[in-house]
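Would you mind keeping the following structure in view while I ask a few things?
Chain IDs A, B, C and D follow the sequence of writing; residue 1 opens each chain.
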Amino acid sequence: MDFEHSERTRALLARLDAFIEQEIAPREEPYHRQLLASDDPWVVLPVIEELKGKAREQGLWNLFLPDAEHGAGLSNVEYAPLAERLGRSIIASEVCNCNAPDTGNMEVLWHFGSDEQKQRWLAPLLAGEIRSAFCMTEPQVASSDATNMQATAILDGEEVVLNGRKWWSTGVGHPKCEALIFMGLTDTEADRYHQHSMVLVPRDTPGVKVERMLPAMGFLDAPGGHGEVSFTDVRLPASAIIGGAGQAFAIAQARLGPGRIHHCMRLIGLAEMVLSLACARATERVAFGKPIANLGGNRERIADARIAIDQARLHVLHAAWLLDQNSPAALGAVSQIKVATPNMAQGVADMAIQMHGGGGLSDDFPLAAAWTVARALRLADGPDEVHRGVIARLELAAYGKGKWAGS
Amino acid sequence: MDFEHSERTRALLARLDAFIEQEIAPREEPYHRQLLASDDPWVVLPVIEELKGKAREQGLWNLFLPDAEHGAGLSNVEYAPLAERLGRSIIASEVCNCNAPDTGNMEVLWHFGSDEQKQRWLAPLLAGEIRSAFCMTEPQVASSDATNMQATAILDGEEVVLNGRKWWSTGVGHPKCEALIFMGLTDTEADRYHQHSMVLVPRDTPGVKVERMLPAMGFLDAPGGHGEVSFTDVRLPASAIIGGAGQAFAIAQARLGPGRIHHCMRLIGLAEMVLSLACARATERVAFGKPIANLGGNRERIADARIAIDQARLHVLHAAWLLDQNSPAALGAVSQIKVATPNMAQGVADMAIQMHGGGGLSDDFPLAAAWTVARALRLADGPDEVHRGVIARLELAAYGKGKWAGS
Amino acid sequence: MDFEHSERTRALLARLDAFIEQEIAPREEPYHRQLLASDDPWVVLPVIEELKGKAREQGLWNLFLPDAEHGAGLSNVEYAPLAERLGRSIIASEVCNCNAPDTGNMEVLWHFGSDEQKQRWLAPLLAGEIRSAFCMTEPQVASSDATNMQATAILDGEEVVLNGRKWWSTGVGHPKCEALIFMGLTDTEADRYHQHSMVLVPRDTPGVKVERMLPAMGFLDAPGGHGEVSFTDVRLPASAIIGGAGQAFAIAQARLGPGRIHHCMRLIGLAEMVLSLACARATERVAFGKPIANLGGNRERIADARIAIDQARLHVLHAAWLLDQNSPAALGAVSQIKVATPNMAQGVADMAIQMHGGGGLSDDFPLAAAWTVARALRLADGPDEVHRGVIARLELAAYGKGKWAGS
Amino acid sequence: MDFEHSERTRALLARLDAFIEQEIAPREEPYHRQLLASDDPWVVLPVIEELKGKAREQGLWNLFLPDAEHGAGLSNVEYAPLAERLGRSIIASEVCNCNAPDTGNMEVLWHFGSDEQKQRWLAPLLAGEIRSAFCMTEPQVASSDATNMQATAILDGEEVVLNGRKWWSTGVGHPKCEALIFMGLTDTEADRYHQHSMVLVPRDTPGVKVERMLPAMGFLDAPGGHGEVSFTDVRLPASAIIGGAGQAFAIAQARLGPGRIHHCMRLIGLAEMVLSLACARATERVAFGKPIANLGGNRERIADARIAIDQARLHVLHAAWLLDQNSPAALGAVSQIKVATPNMAQGVADMAIQMHGGGGLSDDFPLAAAWTVARALRLADGPDEVHRGVIARLELAAYGKGKWAGS
């Protein structure tokens, strides 16, 4: 058992830390202010493109991609600490072309895309020239149960026809968003896990309409945002289907493991950032004659946050390692971190908000936004309750088999 | 011991319930949509003025004011259940002229205002013709310790001169906001509780500037909002001081008891509204073949919410009754409810958000806004930690007196 | 709404407080030490009988009984604060003949007993001359679901024959325990709520055997204790059935409402006692140069305990009042307090243990025992989960009726 | 980063698992019953000695000792998973000579003992022929602050004289307990960390008296137990001092790191055992027509327990690894696991008790005892609050240095 990172990771961490400190950190608050002050937040400010250029030059680009030619070629456990560093910043993931949902979409195309799809869509995504969205959950049903999905992707000769309404399509508000991955029901006769297809939809296809951008707890999260998107008789060649009709569940499963690990590691970085703001505030602000760190239970809260973050980090790294080992235990481990990490980050952010007083609620600090990201991830990629159900099913599988068949 | 409401309260409850059901409820969601859709949210939509007229006609007006001539003449424990009903709606408090911070400001003027102040400011406030704000906390210091206050209200001959920067001045964004109550340091030589003054400042006095409107967890809470306001050499006649120089602490104390009870009772109404949305969703949405109420721990969560709300309601009613009795126990009781109620409401809202899936984060439901109101009240009117300190001090006062002197 | 106790209650409270202070308090710790030191803990120490005599003389006797002739004739809400006072002491309930399960058993006999049963059993119970036990839950099944009950009470001509094994029969170890109330299945053909009977069993009837006394979290709770009792072909005249065959559920329901309120009010007294020990320790013990009250989050913990106790007290009083009013809301309210109060008391006791360091785990303080009482009551009289189920069912009854029928 | 155990550990795990399954598991419940049934619990039942012999034969002996000659020669991270396995059983630690406090005492002697001490005391301890106790905390002061210690170890010529009263001296009730390690104040003039000495005291030295055995939450934990021990003018040659006068703090620090890791890993094993009982019960017991696993929030509770255990295990393994690396981060990490692990185990045990109904409180299952072990470890080896203070101090050290000096 060795908790040391690999040499590759250590080298990349050193370079990434230096890049964040020198290039990104000084531009974060100005970026945040500038975006707040702009009339139209659905823009890419020039500083982002400038930083992306530098990141690419320095090889801090596509770090997430297991492909050594087009990305960093890292395993999950090797990429995880880099994702944590990215998560400490509000723009670093985007700057290093490691932002969701593009990362997941790129992985899908890298694993399952046709050559044509790779050339037309994966290449510019990997180059950071375009952005993408993922259209899965629907407003009218409980999407925690994927079999509820109502949108359709019906084969019609050489074409596939899409209909339905999706929401929480993250990234669809981005001015460079050109590709949507749509998931819909193709064949109700097939077995439960082969009824759905994923289809790559060019953003400008007739019948695709962004109905509105959704605020999450008051935040639009521009410029990517989250959209409600309607698909009305959207016609595409059948070759737009990714990996073949009926393969959506298999693709989703492959996408979700690493995707959840990325989300969780970024959240750990977020929690570290938030805790460091809380500590700074706690030592600088004075009330009743003492730094507020020394009042009431504040030190215990800081200690509890440190414990929670360190436990969560080890947990996610372990899940990443299990995934790398193709361990059957990875399934439960990924569900575990998906429950534990957002709850941890939400709690740390709540503590940090309280430590900041009224400032914590404002947009003077990235705390309210951090809280919201963590809160949203208790629902996105499967609500806590569904993951707890998976974990319990695995745990109970060894007991009283007779009674449990079919449960 | 009798938990029955007074006859007056029961009669008013019946009328208020009918008014909310018939007049307000049907207009709530349309109001919400219309405000979201408007380019400028800092407006009073006509429906509000229309409803205010009806409320006033029906005597559902100024219910909070203990004065039987200008208000309903109710004790705190009599008004409390009405405040709960108002809190179930996002506009009813405003419609019945029972909205914070105007209620507190009206009480201050009613108790401590000069005849001139009453005529010029209290009368139109009671008539619902103007709105007001309260300018106390400051961005540069920990305002949980009121002695940190840096703004000044210096006497200069017949005048008082105000300087300083305030924030979280709720209501200052309202188009009808015409009066600000400002609190500042007048006399550093006086004893600790007589150094500060409250000054009534017409909104259009030179030197008063709303620097910006602050979002709370992403919400601007228009049209009242929360402002950061600078006061630069603001000159007013000394008669603008309320209740005499150095009286601010005494006034604040008188204001805060009933004010905290109102906040808490409205929060209980809010929690009831939020729980009812959760129950409706839990019975209507289906996943994995069952209404989601029947999945996992959802029923237990609903039960826990019911327990928490009912305990909080009794707690607040008891604190109101102690205040009505001029009991010395009221001080601790008000601090207790001020800790317990917002935490309860935040928890219920978090549960309801989770029960709604992605919808819970959106503005399709008033859940994210409800969460934010509750969260903000863990800081407004004294953060949880300060109130816990008060409660512990009172609790420990009976023990080991020798050691505790001066603690 | 009036939170003042009735004049009768206030008068009894004054006398009871004086009696506890003067007579009981000085004898508590010696009693505890003497019982610990005795070779056989299944004894009634003389001090108990002496104190019982005094309590009876002073009219502080059978305070729980709504009958004005044989008891204090108080309503539930009037008795509740007296029960709280009794709960602050480890012997006062017994001294005032207000101890469970005798209270519940006396109420059952008072309500449902035949004249013969009243004369033979109720009279000496009311006189404090004998003790009793209640035999309901069973080791082999989940007794949270009463329909699981396997013990039988079969009519055989003029006789009833009992078979089965019961446990957690509290009080059965008491040297004066002479009567058991046994619940068993009589008629599987009757509807679900009329299948069971309660039977009054003299302790010395052939076939009744106390198999063992059960420790609860290590505590035997002598001299009453909790027994596992087997019933083997126990034959009694049919007149031993209480209230008629098939009436057990109706009797149990009538018994459980007030019984749960008594339990909860005693727990509130217990929590007050425990908090007061924590406060005393927190001010007396010094570590790192400060009384431990001033270390870390200890004051916040004390504040949270105060909040929790006060909320629970109001909650239980309200439930008692609803029961007195025959309100349909009493059902849910009693389930609510049954969940909330033991959890509250367990938490306060855990805090007090921690505040006492190693001493908190020992039997030098009544903290470990208090914790255990509270913990046990999360299971006794229905586990938390079952009560939460009741509360949720009531809460959801108003929603989506169609879907919920039969749930 | 590699989460795989070392080859040595894997080999030992395989043998230990087999030994526990074949030799220990079948004897656990009979042992427990036999001990409960014996009149005198302060005995070593023959089965223990028999199993010890087998363990020693198979080389499953002194696994904790880093010395390859006398023990297994494992690093902390290598021993940790073995300690977890031992913790799943109530007797395995003793059987494999890996029980506290003997392990810590053996380590102290191995590191700091003189040749004479090693020969006379370490040898028979390593051989499992005698047992030992550790006498540190005192009833009259808050022992969380070691500088409060009142017991003295005064040098008098060639002798050292011990006076004072210790409690929670675990193991002192064991019939084979022959050696006590006593800690007392030697030199109040020395600097704060060099005032105390550790002295090896033969159990039968005149002046040593076990005043009483202390129950922990009702449990005597026989046959080792926890004693209150008085030392009255206990005279020993100065050579009985371990590692030299004034070295007690240094020795304690060296002892506590691995000791806390062992405790935590055993707790993780305990939590696994407890969770497995909960799962078995949840699938076997039926209420309301379903296995109780399928009622209410029970599955979510099982999932939360799994998450909590897995996080804690990784956390402890990481702390062990840091200790092995001599990392400066080990200090904080050990405090973190010392807070987090007992709280986790207490929570899992509380859940398992609830899942077992009344049985969970009884001694039919090792649940109440498991809860008590976990609860006691929130106080033993430093209460939670003290460790949180250490963690917060380390966390805040990087912030606002100027202000924090001396805090």
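In the analysis below, contacts are C-beta pairs under 8 Å (C-beta built on N, C-alpha and C of every residue); 3 or more make two chains touch, one makes a residue touch a chain.
If you're wondering where the values come from, they're calculated on a predicted model, not measured in any experiment.
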In terms of mean CA position, the chain most removed from chain D is B
Among the listed pairs C-D, A-C or B-C, choose the one whose interface is a repeat of B-D, with over half of the contact pairs the same by residue number.
A-C
Since chain C and chain D are copies that touch, just let me know if over half of their interface numbering is common to both, same, or not, different.
same
Rounded to the nearest Å, the gap between Cα centres of chain B and chain C is 42
Take the average of all CA coordinates in chain A, do the same for chain B, and state the distance between these two points in whole angstrom.
37
For chain A versus chain D, what separation do you get between their C-alpha means, in angstrom?
42
For chain A, residues contacting two or more additional chains
296-297, 299-300, 385, 388-389
Make each chain a node and each touching pair an edge, then name the shape: line, ring, star, complete, other.
complete
Footprint of chain D on chain B - complex, ascending
296-297, 299-301
Note: in the complex, chain A contacts chain D through residues 1-6, 9, 77-78, 275, 279-280, 282-284, 291, 293-294, 299-300, 302-304, 306-307, 310-312, 314-315, 317-318, 321-322, 332-333, 336, 339-340, 385, 387-393, 395-396, 398-400, 403-404, 407
In the complex with chain C, residue positions of chain D that touch it:
137, 139, 141-145, 148, 167-168, 214-219, 285-288, 292, 295-298, 350, 353-354, 357-363, 368-369, 371-372, 375-376, 378-380, 383-385, 388-389
